[in-house]
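First chain A sits with chain B, and in the next complex the same chain sits with chain C.
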Partner chain A sequence: MKHYLYFPLIVFLLLNPRGQLLAQNEGTSNPGVVSGNVSVIVQQYNDDAKIGAVAPPQNIAMNAFSNILYRKGKFNGGIRIESYNPSLLGYPVGYNGTGIGYFFGTFSTDRLSVTAGTFYEQFGSGMVLRTYEENNLGIDNSIVGVRVKYNAGKGIYLKGVYGKQRFKFDSKIIQGPGIVRGFDTEWQINDAFNSMADNRTRFVVGGSFVSKYQDDKNPVLYVPENVGSAAGRFSLFSSWISFSTEYVYKINDPSADNNYIYKNGQALLFNVNIFKKGFGLALAAKSTDNMTFRSDRNQSLTYLLINYNPALTKVHTYVLISTLYPYGTNILGEVAFQADLTYKFAKNTALGGKYGTSIAINYALALAPEREYLNDLETNRVGYTTHLFAASDSLLYSDLSIELAKKFNKKFKAKLTYFNLAFNADANQVTESHGMIYSNAVVFEGVYKFNRKNSLRFELQGLFTKDDRGNWTALVLEYNISPHWFFALIDQYNIGNPIESERVHYLYGTVGYIRKTTRISLAYGRQREGIFCVGGVCRAVPASNGVNLTITSSF
Partner chain B sequence: MKKIFLVTAVFLLFNLTVFGQQKGNTLPNVELKTLDGQNVYTSEISNDGKPIVISFWATWCAPCKRELNNINDVYEDWVDETGVKVIAVSIDDSRQVYKVAPYVQGQAWEFDVLLDTNGDFKRAMNVNNVPFTILLDGNGKVVYEHNNYAEGDEDELYDLILGLVE
Partner chain C sequence: MNKVFKISFIIPLLALIIWSSSCDKIENVYKPDFGGIDTSLYPGPGIYEIPEFGEYPSEAQNILLEDFTGHTCVNCPVAGDIAHELKEENSGRVIVASIHASPDSTFQDFTIPSDPTYPMYSHNFNTEAGTEYTIDIPGFIGNPTGLINRTTDDAGQIWKFHPSWGAQVHEILDNNLPLLMNVQVNTNYYTETRGLFVHVQSETFRELAGRYNLVIYLIDDEYIDWQKDKDADPEDVEFYHHHDVLLHNINGTWGSQLFDGSSAVGETFVNHYTYQLPEDIELDGSDPNSDTGLSLIVYLMNRDTYEIIQVIEQGLLVTY
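Moving on, here comes the complex of A and B:
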């Protein structure tokens, strides 16, 4: 195990005996560039009965990784060393030990690029294939295999991928059982015709085909060993409007997700954007049904997903709103809509003032699809019938937010935001409550700049609900001394919990130091049990109490 | 326990030993997209011998938006005085990427904006988290990198830009 750790260091020292890689003296050959980054999170845990925090037997946990990349001419390659001893509480099962979790070499010419090893790739909007890595959540569904990209000219781009997916990590990558094969092509139509080259309106079409193979070990059912999925997309871009759409179809794919029914899956996504200087409107509509696509039909959660179903909701950043009732895509199917408006009142107008005022309004709605159940589990096992955009009246989530931001003078600016959330706790099980949770919330945020280096940022948050655990307040204070230091204090308080003994303060303090690309922070306090989401994918984080040391850097 | 410290020490050692490697070099070549769907390569980024600022951001990142809105307020002056060009590289994924153009237009940003939806440029530049700001000199070489944003950091950055053009 330790060999893994020292190996890259030795390689590096061999390549770079005196750190002289930078020097590109004329007349000597270029030895290439080594770069990388590092991230270390160490968390110490205390028992805290008041918030239900239980320390793990090791008392301390650590997640760490370091990427080391090398590039020279047409070659680039790299590795990532990962270490979990053990992984942080709430991290998904299957992250253990220290070893190499990512390795690749790429050879590229002007038109051709070939990668062997692990890679992240996305076709279109990702609804047919998207492998990505989100270390905050413990998601890494990279493909270990080969990828070829080719620019055929005349605006035609081709891509092919072949391999198995990263499943878990146990001092090395544990690969899933299925093989993934995919092909994607994109055609930039304007580049194909000289007459269109200078056209301000641009058209792009694309198509993908992805198939997976997994042998049929199911003792009861005959399941398809090869499952294919195809997608087509179209985009139009002009100076004031853009339009994109993608349709995906998957043949029947009995899996643990859909209770092994032999039903096809499909999804349709539309995005329309209208904008001019000072005005932006984004409209989106999506319908998905039975589109979980994994390289192991028996897996669940975030494991071995080949594709990605984007959630059409706004990503909130204030702590109460983003972590109490956040929406994660319903991967079995949903009908969703979103409208997002940004408008900036011009400077030196009545509403704009001297520095301009901006308003942002977002509305998102997700509904369960309308389904007609066939009750045929003993016969055909097709399960149910449905249509695209056939929504039931069962609300999964709705979210309205209105944000006003104004800069009053050179020292002070503020933002006031109102939220109205409706959250279906049966569809998204984030608390012990059931049924709908309706809440209103208000956040006032201000930034006061004392002088060039010193500033104070504060947030006053209140979330009001008669459901679940009642009302919450939060206070955030952040004092910054640019460019090196910050001090932050967060207090979340469950002021309206119906059970008086559970009206608890969650106090958390952080001191941070930043120098160029290095960021070190030391924190202590209580962290609330909650849902941590990135990109519409969420994981539950248990309550904890303790010291946290985080170091990130790149070089 | 011992193991943890050993591994931490090795990670830190790595960092110290190789500090500053990206610095002094030109950008790795990665394919990105423009807001109107065209493919561009980072090797094509240039500014006629004047400095370039590359700022990694996302529509869900509040400090990133504070940084870029603050720079937008003074951008005209920056360009007049130094000829600097700011390129905001969005790392929004396929969920949020469609909101980038409306947001950029809605906030009346004057900079170029590029999309790194698959995270290729982010990985090639070893970006741990956003905001992450890179300053290139007139020859396209990395002279400064900074992770984080606090009010006033843009003044520090501007001093460095001034240092490059004097």
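Moving on, here comes the complex of A and C:
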């Protein structure tokens, strides 16, 4: 494995053939600045029939990457070397070998910026275009091509992108078959009018257009080779409130996602945030219909997505809540609402106590759109009709959480959180069960500081349900010896599984060492089969048993 | 301010132009030849897509040697050996199809369980197309006899005895005649549905007039079964290796018509077919990219003279 660690060094020397050390400050005589990071995850696997874990033939898998960035004056460039030999179990198919998975060069002036190579970009909220990399999920839908950004002045910013998307990785980038062309403009209105320049309320409008091209190779249907999607947005920011909205429309885009129907897609998103001292309220509403947009109409899962449909749910961090019944955005469409309230009771009040008390309440609800089916699959294939925010009574997900956080004294602080979850297992197939899964959960988290260096963090979690696999408990203990060492132990226990033999403990221990920007951890134990989600995008994680070594560093 | 107004005018205009040129609104969704192939044989994911064509596998005119044979024909193994050797010596240029056929079923009989010799010669090698060829192509003599690109010799004979096959094959190869049309084939085979998708592209290289058809044979590369052989002792050989056996015509006895009239240089024809392999056809492999032990022979013929102007053979691999 060591030779992978030499890769950054080799590339560093190639970039700098004279072998001179690069200074960290810029100047006319300086050759520039190199920076970057390294991540190596090595997982050893054992068979474990008790949890259904099956070791791959290689027994060991590795995901590793290193970003190496170079900057000098108006030039900025970089590469990422990736290595999957083989990739970790549960990682998406299509990550193999070692090679360059990301490369770019950017030339920037005050007004103009041109990037050639791979790049990530987002227009507005991302509902019309968002390319991003999420290493934990195995998502990288970057565009390989050219991007131009131009500051036209008076608050007007223009962006254009053109290229193909990264599809898979096989010792090099494998590009998808479709071409993505996009254009975005944003106008920060206050900058255009002198009378508004000092206004504390700022207004921004924007518009985007993205089109994809893919050959029609369908033997049966005329499929559109050019599919366009357009969006308009408006935002307002002031000292106590912000508001943003975006509407997206897409023309006929028959695809594997929508069973090759020719219905137009559309989405509307609202976000309102109100903030005062000690008080915050975030409200969001979203209606999406038939808005998956890929540069290959025949792909599924997370491959070649051009856009992103945001999930209006709280991002949970507790292990049972976040991985047993997490919500993934329904790609066919949903009507969703979210309210998030935070309030801090002031210090030295009845409820606030000496150090203050905070409460956070979050409620998220997602429903399937109401659809009127046309039964026209033999003729026009429009499929159905619906309207924005026309919700059916088919519940996809609801999530209520109430969190109380209090610092009791200088040594001890704690959080108590209650969760009520309703999860549609047919819409999100994360378990073998079907129908609705209703659960309640309680988590008590505390941190006790023994002294300046030593602290203990613990979590007591219980998830209670009569559905699926029954009740779960989890215990997390994390001992930190600042600033270098940490030790963690997690035990998840399916205490209420109706099948007694499947009441299994998932015990997982970790020891880690941190020094400056380097973090090394060694772990051993069982990892439960589950779903890992980031921002409503999920991947299944199979059960595993073995040793995990993780090294991350930056330079 | 003037600049802002200019830009606010230009941007929507630009967006309108891009929108109008980057969106295809589809009114009639089904292609007119819908039903030409059976997409239900595609097991997914998504919807079946036609693979792209690449380079033509041959830039020279190849030869199809059709060996008309019979499993109870004692002289046929000699002819079969000649055909197989010609194929081996001229790999890719000489393609062989062993067609078990005769107009009156001579040497083609097969036994049924009530017959005393059963299961000897119980396999029915005959095909409807093979029999029709022996009837419709005039002058069939008997087994073993053959067709070499279905060309006629100086004596006006189209059917040829096996002793002359070698000389006539080499004569065509030596003449190196210009290619009139070329052909290439792409296939997908799915074990789950036993669905075979065949896509053929043909291109006119020299201006042509007449009726030209495309024919596709499904070939079993090797089938081991009984065969009478006059040179064997006993003459009933149980484990005889039958090479390049015609199993089925994918698109009928005389195939699909490409054109009736004339075809200009550069004109291309694309044909698509699906075929579900019957359960009694055994495959060698079932893993992706494995060889099924079957091949396709694809040829272009003049429907009036029967002459074959180009032929290729391609092994059939498992897609998944």
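The criterion applied here is as follows: the second predicted complex is superposed on the first by the 529 of 555 C-alpha atoms of A that agree within 3 Å, B and C clash if a C-alpha of one lies under 4 Å from a C-alpha of the other, contacts with A are read in each partner's own complex, and residues count from 1 in each chain.
By our rule, a residue touches a chain if its C-beta (ideal position, glycine included) is under 8 Å from a C-beta of that chain, and two chains touch if they have at least 3 such contacts.
From a predicted model like this one, the values you see are computed outputs, not experimental measurements.
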Touched partner set for A:A282, first chain B, second chain C, both or neither: first
Which superposed partner A:Q299 touches (first chain B, second chain C, both, neither): second
Partner chain in contact with A:G153 - chain B first, chain C second, else both or neither: second
First, second, both or neither for A:S455, with chain B first and chain C second: first
Per-residue contact with chain A, leading partner among chain C and chain B: B
Chain B versus chain C as contact partner of A:Y325, first or second or both or neither: neither
Residue ranges of chain A touching chain C (in the complex, touch as defined): 152-154, 156, 158, 181, 183, 185, 187, 192-193, 207, 209, 211, 213, 217-228, 230, 251-252, 254, 256, 260, 262, 297-300, 379-381
Residues of chain B defined as touching chain A within the complex: 1, 3-4, 7-8, 10-15, 17-25, 28-29, 35-39, 59-62, 66, 73, 93-96, 98-99, 101-108, 117-120, 123-129, 132, 144-148, 150-153, 155-156
Partner chain A, residues of chain C touching it in the complex: 1, 3-4, 7-8, 11, 14-15, 18-19, 21-26, 28-31, 33-34, 36-37, 39, 45-52, 272
Of all residues in chain A, those that touch chain B in their complex: 5-6, 8-9, 12-13, 16, 19, 21-22, 24, 33-40, 42, 60, 62, 64, 66-69, 71, 76, 83, 85, 98, 108, 120-122, 125-126, 130, 132-133, 157, 188, 202, 204, 235, 237-238, 242, 244, 271, 273-282, 284, 308, 310-312, 315, 317, 340-344, 355, 358, 360, 407, 447, 449, 452-455, 457, 480-483, 486, 512, 514, 516-519, 535-536, 551-555
